[in-house]
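Naming follows writing order (A, B and C), and every chain is counted from residue 1.
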């Protein structure tokens, strides 16, 4: 990457004997919307806090615009943060909250007035400048927090689960607003969330983290369609995952033997006899009443689960696992208790290397 | 219907009744009575003559008494300021320790207060008396030729007041600082404010209620206390508390004692009134 | 280590030293009191060598022992009265709405805020006016008058919205009001009741002002005795007594912590 705005080189963070971020390498381009995605405790917030300067890296180097920043206090860094709980100053009005950074920098008063009002207009909070934070709704507080950070025109905006406290509908609306705002301003966003759907909706690239390790860094579609690790396959969207061994390989089509039975998957980089995982999305699976060539994956229909847009069918398979496939409408030719054979187009399944 | 209502009031009466009766009998009535007495006059033999008079209030303004009042106000003021200056940093330090450590440190502040307060005051006398350890050290090392008279001075009374009042400053300060959301401090730093600016603009204003509680909890008792002056002032140093006590003892001037008490009540109410005012003035514009 | 980390470390050391110094200021009087309990002299005018004689002799000082017993009785009684009235009062004031409620709530703040001397002389003149004879009874009333408000504030803090739901659940399951109070409400606010009791006992036991103003001629409490000794100097046997008392309190606290810790572990 040419001139990344932020780069992490071998960054680690240790709390006591606990290594919460391990050998993290990451480059973020100017104007990019990058999401750190992972379950709680995966190290994503710690990574963000190291960039902001609230935590010091135990090892490795963090650079902003090519410059090392470990000797800079948070208030000397040209990044701003939107906090998880908003962290609005309760004793100040909305206006003073937003103006805070500018008054610290001794920006002339008329300019503060102008920039704050412009920012409040941008986040659709005109007329709220005299209010106190506790007189605002969750969504409004969120907008103030964003305005307060953005008014300083940071090079990078760090957002720590900023929509976590909002209800579902408002969250979806804010996701789109935030993405539009980011495009319009062209500021680099580093966004932390545990919500994979949110990450897929908003991000240019997603960095999936697990147990302090960066598992995969890619554009949303690649993350969804071609997960590189078993964790990513399981965490992003819904997948049925099988552990097995390659028994045959023909034109990149692997035949894999698992405890549940035999299946096929496309994969170039695998050897016969290699242990690996196969992941398949519910919407790519199909069932037949008779065995299909290349597959030997029998299952018993357990029940149908109606979910509005799709109907999921749960099957019990040989290894005791329960797998699900989805259809827009319920299959009419099968019923609970029927024996069926599962199959799919090998290129729709993902072959994943066995984790070390 | 009416009967049902009465039945519902029974548990309320049983539970809140005793405290209500107690408070009215032993707080409301005595307080009203002392205000009443303060407007009566003193008889020749120190008895109360039930005739309206503002004599006592005029006596308060008499220089002999007024000087004592000013002196008490000054001592209480200095005590309060020093307790805040000593206590705020301590409360801040404790609040930023891990939870377990903080709880232990707070207990450590309380422990000396389970020792008799007069005995603790007496220790300052033992330490500073003419042939006490401090003077022995000063004379022994040749820093001074003659022992210094520390005891029965305003300075020693002040030390007694501060060490007796300090926890009442630290505890409310600790509880507000501890509640302060740490992300607000981070947000301020994130927006470019140095540690000093963050303290002045965020920490201090948000912990202001704690500061004011500390002021009330230190200033008002310091103003009325007479044990510290009795123990460390050797009867030579008199504050309002001593004067009030004497009016009901040796001097026997109840109306004057009552008037001085009413004055303390008024000062207390004034401070509380300002406090409730201040809670709203939090809206202060920063820009 | 980065410059920032070094700076933080330095700041941390400075603040620890500061805290230590302030703690020293609070503990010096306690330490001095203990040291002078071993002073081989009738009055503590100067240090005259080490002795432990005061720790046995204090029990032969009948004035001292009598006032200690008197103080203990008063402290126990005012704790019992204050905690009883305080507990039901806190529940009553939190739960029920009645005409005088706001007024009583305000009255409760007076003994907490107004200097004690004011309340003491106010009670004194009322008692004299009504013709009550001064003694243990008047001291008890005085102590309870400032202990009850503290007890109520402490216990009220323990009563949350949850308690009300729990009580409703209890009555829903067939318990009457008294059964609910004893089996559900009290166990829930018990820690608050205990701290109220502890606070009441300490305040009553250490009180000088009320005890001095409202005492009869015959017997004085321990703090009042110490105050009266001030003219001639407090004798070392009182230092010995105060040392024993603080050691008992600290030992009880440590023991309590150990038991609590052990119970906690067993539950886990």
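The criterion applied here is as follows: contacts are C-beta pairs under 8 Å (C-beta built on N, C-alpha and C of every residue); 3 or more make two chains touch, one makes a residue touch a chain.
The shown structure was predicted, so the numbers you read here are calculated from the model rather than taken from an experiment.
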Exercise. Between chain pairs A-B and B-C, which one is joined by a greater number of C-beta pairs in contact?
Worked result: B-C
Exercise. Where centres are the averaged C-alpha coordinates, which chain has the largest centre distance to subunit B?
Worked result: A
Problem set entry | Averaged-CA centre spacing for the pair subunit B and subunit A, given as whole angstrom | 56
Problem set entry | Whole-Å gap separating subunit B and subunit C, where each centre is the average of the chain's CA atoms | 17
Exercise. Which positions in subunit A touch two or more other chains at once?
Worked result: 73
Exercise. Multi-chain contacts in subunit B: which residues touch at least two other chains?
Worked result: none
For this session: Return the residues of subunit C touching two or more other chains; collapse runs of consecutive numbers into ranges.
Result: none
Problem set entry | Complex interface listing, subunit B residues touching subunit C | 9, 11-12, 14-20, 22-24, 26-31, 33-34, 37, 86, 89-90, 93-94, 105, 107-109, 111-124, 126-127, 129, 131-133, 136, 162-163, 166-167, 216, 220-221, 223-227, 230-231, 234-235, 241, 244-245, 248, 254, 257-258, 261, 264-265, 268, 272
Exercise. Which of the residues in subunit C come into contact with subunit A in the complex?
Worked result: 2-5
For this session: In the complex, go through subunit A and note every residue touching subunit C.
Result: 56, 70-73
Problem set entry | subunit B to subunit A touching residues, read off their complex | 181, 183-184, 186-194, 197, 201-202, 205-206, 282-287
For this session: Would you tell me which residues of subunit A are touching subunit B in their complex?
Result: 52-54, 73-75, 79-81, 83-85, 87-93, 95-96, 99-101, 103-105, 109, 112, 132, 148-149, 152
